[in-house]
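In what comes next, chain A is part of two complexes: it sits with chain B in the first one and with chain C in the second one.
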Partner chain A sequence: MDRVSKILRSQFTFAVIAIFIGFLVAALVLGATGYNPLEVYSILFKGMFSKPRYIMNIIIKASPIILTGISFAFALRVGLFNIGVEGQYIVGTIAAAVVGILFDFPSYIQFPLVLLAGTLAGGLYGAISGLLKAKRGIHEVITGIMFNWIAFYAGNYIVNLERFHEPGTTTTYQINASGLDPIYNWKMSEAGLEVIRNNEFIREVIGKTSANIGIIIAIIVALTIHFILKNTTIGYELRAVGMNKHASEAAGINVAKNTIQTFLIAGAIAGLSGALSITGVSHRLFELMAQENYGFNGLSVALMAGGSPIGCIFAGLLFAGLTYGGGTIQLEIGAPSEIIDILIGTIVFCMALVSLIPLIINKINQRGGKKDVK
Partner chain B sequence: MRIQEDYAVQMRGITKRFGTFTALDSVDIDIKRGTIHSILGENGAGKTTLMSILYGLLNADEGEIYINGKKVDVKNPNVAIEHGIGMVHQHFMLVENFTIAQNIILGMEETKGFGVIDIDKANKKILDIIEKYGLEVDPNAVIEEVSVGMQQKVEIIKALYRGADILILDEPTAVLTPQEIEELLNIMHKLVDDGKTVIIITHKLKEIKQSAEKCTILRRGKYIDTVDVANVSEEELANLMVGRAVNLVVDKSPAKFGDVVFEIDDLYVKNEKDLYAVKGLNLKIRRGEILGIAGVDGNGQKELVEAITNLRPTDKGEIKINGKEIQNTSPKNVIENKVATIHEDRQKVGLVLDFTVAENVILESFNKPEYSKRGIILKDKAVKKAKELIKKFDIRPDDCENLPVKGLSGGNQQKVIIARELENNPDLLIAVQPTRGLDVGAIEYIHKTLVQERDKGKAILLISFELDEIMNLSDTIAVIYDGAIVDTFEQGTIDERTIGLLMAGGKVNG
Partner chain C sequence: MLSKLLLLISNTVMYSTPLAFGALGGLISEKSGVTNIGLEGMMTIGAATGVSAAYLSGSPWVGFLCAGIAGALMALLHAVASISFRADQSVSGIAINLLGAGASLFLVRIVFGSLNTPPVPKKLPRIFSDSSVLGAFSRLNFEVTAVIAFILMLVIWFIFAKTKWGLRISSVGEHPRVADSLGLNVYKIRYICVITSGFLAGLGGASMTLSILSNFVPTAISGHGFIALTAVIFGKWKPVGVYLSCLFFGLAQALVIQLGGGSLLSSQIVAMLPYVLTVIVLVVFVGRSVGPKASGVPYEK
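The block that comes next holds the complex of A and B.
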């Protein structure tokens, strides 16, 4: 019994079970609406893995939501619900686009500068929520949601400024080429074009996609955040505050400072994610009709990852894979791609139930006892 | 013993397991009708578990329950209530902003029909109970405005209102003043005179001596003995409970006072409701002195401690340690000025429960060069220090440095806090309810440690709601009432009754 409990308690096992249940529930829904689940799933997986290009596209789609996922997971560790991650992401895209268009330094300065602009903007934007929470006690969910809309409309305002707006479109000008992703710039160079002409594989995964360095940065950020939380004094403080604010305060830890710091870091990660989307994929800022959900999807990713920064890498890939592959099932057999939302929703739901599983195990162990009394 | 009708409760072979832990191991108990029967045991001995089974909150894995000689399957509290059992829990279960009468009838409302409450009828029934047993309460008062002692009476009336013949009281005196305790004992005797049966769960030996006829002792889930209280001494009861000889009186040499280390001058502090909880409080503590603050909970103790530790701002007045003002700075500054605090709520304010013992040990010092270098925590050093303290303070299990502190027993959690706080070599040690909820063994240890620290020349501020603890430990006793120190006495110049009177806001003549 003990051994079984132990295995059941591991986070990884939970994730596998949650994913399995997700597929099962989606299969039931598919079956009930007259589709063969096995056929749907085989098309889904074909849509995900049958070509190297598909895999590259999944990675490209995963990068930003891994980062927003880490942003959300990081704040969650400190006991803060950073729903403002969407707005911090948008502010990151705005700052990156503005700096990318206004300046034109050599590439080795310009590219980091654009990323830095997005990171800083996202961080400062997040820090406002932190400041309001720390100094005035305003709940971060309230400010977060409002700031999401402020960012959204600020973005649309910037797109329409004469200095940035490209006539005849609903976007800004493209950012200066010096600020674009190194992989993109290499691909467009003489040498790059040469390789792409001659190597079919490279042509497939880089030439035909928006391949960028986002995933590498996402992995570095995940590892860094993991390290910070685990080994540094900052991480120690943040975890202490997240687990017990009162004891931390009594022990001399400055809780207000930590709240602001957390939002600064979480916002910076979200802003970086936005900047990488500009440099790597869109190259320009679009006028938005609705929020793009990169932030909100990060929330799902973080919850699927059970709040672990490294887990966000895998959860982000899974999320991107399912949504990307989901597009093909509609094309191929007309099954609604919304089934993917049901699938992901079920996984998130099951992961949220994870905290209940040890309780259920305890209950079974107690054999019908009602509550734990000393 | 056979199952007999003149026994209100008989429990046979009660066994209860939580996972692999056996909380109760084939326990028997016989409680005669119309008596006060006490159940004695250390924390975790299984007293509350046994009574929770009787009240149907828990179900036994094995064993039988007989009520008034009849076998009853007490599946849930409703069955218990049907059979005339009532329980007053350690933590009251009252609706704060309801009146006393509303609380009493809650769930058993008498109606005039159409769901309209017949409050007059209810009031009459309540007043009958109040009069019969001398339970002086005002049915129209709102719960949040009455004292803890009053709330307890409400709980008792609540049980009686539901027709209880057998009343279980779980640690009823923990929060009461001496006068209130006396009153409670009177009420218990009146109940018994009326033919009711009272079961009292406690670890306070004195009260058992004062009230109960029989006492059943449990130790680590096992039945030890049932004794006639009249024939045993407090010491004998303590030894039975712990299983070894215990020293009930704190060994203590006369105090050698040094200079004044800590001083509070005309302090004013507000509470959450923006009212003054501490009003014009003055205090002085010397080196080598244990100053005990006696008082009923809610007279400003909490706000006082929070003001000293800078968890709460002050409005007026000075708090000085070694002559330096520390009010309205930061908790960190207070710690750096050599003030260490054992907070009342060890799980909420004292420890990060999900952290390991080692992580908790460095909670106040992780930023110091001993435990971190260029922003990286030196885990090995923390673990090494934890191991050292585990040995020094006899924290158990003795290999717990990397276990979450929430897995430790209350006494061992408290030892982790004390170890950490003393590590900072404080000049002032504040101990708030340092033994709350701990068993006799741990209490003995903590009291000894406090006296040792005093003898090392530290100033100690002891705040406790247990008057015995204050009387036992303090060199100087200060009585707090309504946010101010009403009087201060040298140890030995004052008796408990007078202090009890002052604690309740009374005046001492002369």
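The block that comes next holds the complex of A and C.
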């Protein structure tokens, strides 16, 4: 019995069950609307894995939402609902683009500088929410939603400033090449072009994609946050505040300081994600018609991961894979690609039911107990 | 000048209506102790269902009603998760937003074959079928949905201020254990409130697509549910306050439309102002906002 309850208790097992239920529900919806679910899924997986280039594209799409996912998950562990992650991400893109356009240092300074600008901007932007929560008791959901829109319009404002706006487009100028992703710069160098010309595999996965170092940074951040939460005093205090604010305060933990710190770190991670999107993928800031949802998708990633920073890596890849592959089912058999949103929504919904696990285990144990009595 | 002022009033009322439905719904749910972050998803499914049903039946009122039912069904999911299964209400709400958006686009794609629908045969009416009866004030011929929202606010105010039903809901949201010990059925009351909340949010979504627009587009509901959520807190969980908050956001949007692109301020800055203002008002005037005590906390018998 112990072994069974241990397996059931594990987040991972539950995530697998949730994913299975997600696929099942989506299959039922597809079946009810006249599509063959097996056919849809086989096309979906073909769209995800049939070429190395597809896999690389999924990794590229996953990197920013892994980071926004970690940002959200981190705050969640401290009991804070960082719905402002979208705005912190946008502010990161703005700062990275502005610094990337205004300055032109050698690339070993410029690239880190651009990332730092995005990280700092996101962190400070997040810290305002933390400050307002800690000092004035204003709910972080309200400031988060407001700050998302403020960042959104601020970005569009910057794009339309004469100093940054590229005439005849809806974007800024490209950031200076010295601030672009090292992989991109290598690809464009003589040596890189030479390799790409001669090696078909490299041409597929790097030449034809926006391959960038985002995923490496995302993994480093995931491990770092995991380490901080598990093995440091700060992490212990943060988790304590997340579990019981009042008890922590009574134990001498400064909850206000913790709240601000948490938002600073969460915002910084989201801002870094935005900066990496500028250096690695878009290279410029776009005027937005609607929010791009990198932040909101991070919410889903974090919830699918059950709030674990390392889990965010896998959840991010899954999310990116499903949405990337989802595009092909629309193209190939005309099944609405929105089925993917239903699938992911169901997974998150099931993850919300995670509190059921202890109940189920108790039920099982009770039954086991009764048998012993006999 | 007068005509500009009348236009501003008319636009304010128009833009605040979907928010008012959503926010009043959110208010009822929160009052009973269930946070409803899923308003956005419930409004979206209402917007999509409203247009689909109005298109297929030919009647905007059938569409309006179906939108409410669709919102209520979404809310039922949220209720099952957050009341019976005691799930994390924020997580469930986020899932509802994903499911609502996905199901809406899926539905619209199945019914119309594309994500931007053709206009419905008939929109929801205005108060007077002929605006000219109002003479110079023809701008004030509001949408019927605006009137419904206003009446709804009065009804909800009355329920909470004057009836035992309101008292019961509040007690379940403040002290569920005490309410339970006094013989109230906490689960039942919360279920009713959450489902009502979804019904209203669905109506809000439909008031956007059947009254303001005349078709469904994927951006029809973009952030309205979240603004409605904000309005609940901004209005300090009081029906009149919540309604006024929605008017405030409506006014802001109307101002953006009327001032937008002027030489004085960039339209982006104008668009940003309501959100900046909200934060400033909160910091300076409102301060600590305290909701129903048990809001967001699952109740375990």
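Quick notes
In the analysis below, the second predicted complex is superposed on the first by the 357 of 374 C-alpha atoms of A that agree within 3 Å, B and C clash if a C-alpha of one lies under 4 Å from a C-alpha of the other, contacts with A are read in each partner's own complex, and residues count from 1 in each chain.
By definition in this document, a residue touches a chain if its C-beta (ideal position, glycine included) is under 8 Å from a C-beta of that chain, and two chains touch if they have at least 3 such contacts.
Keep in mind that this is a model prediction, so the values were computed, not measured.
When the two complexes are overlaid on their common chain A, residue A:L67 makes contact with neither chain B nor chain C.
In the superposition on chain A, contact is made by A:A251 with chain B only, not with chain C.
By the touch criterion defined above, A:Y236 reaches chain B but does not reach chain C.
Partner contacting the larger number of chain A residues, of chain B and chain C: C. Contact with neither chain B nor chain C is seen for A:I59 once the two complexes are overlaid on the shared chain. Across the complex, chain B meets chain A through its residues 16-19, 23, 43-44, 48-49, 52, 57-59, 61, 309, 311, 330-332, 334-336, 341, 343, 345, 348-355, 359, 363-364, 366-367, 372, 375-377, 379.
Residue ranges on chain A touching chain B, taken from their complex, read 231-237, 239-240, 243-244, 246-254, 362, 365-374.
The touching residues of chain C, counted against chain A in their complex, run 37, 77, 81, 85-88, 90-92, 94-103, 105-106, 109-110, 219, 222-223, 226-227, 229-230, 233-234, 266, 268-269, 271-272, 275-276, 278-279, 282-283, 286-289, 298. Partner chain C is touched in their complex by these residues of chain A: 29, 33, 81, 83, 132, 136-139, 141-143, 145-150, 153-154, 156-157, 160, 289-291, 299-300, 303, 336, 338-346, 348-349, 351-356.
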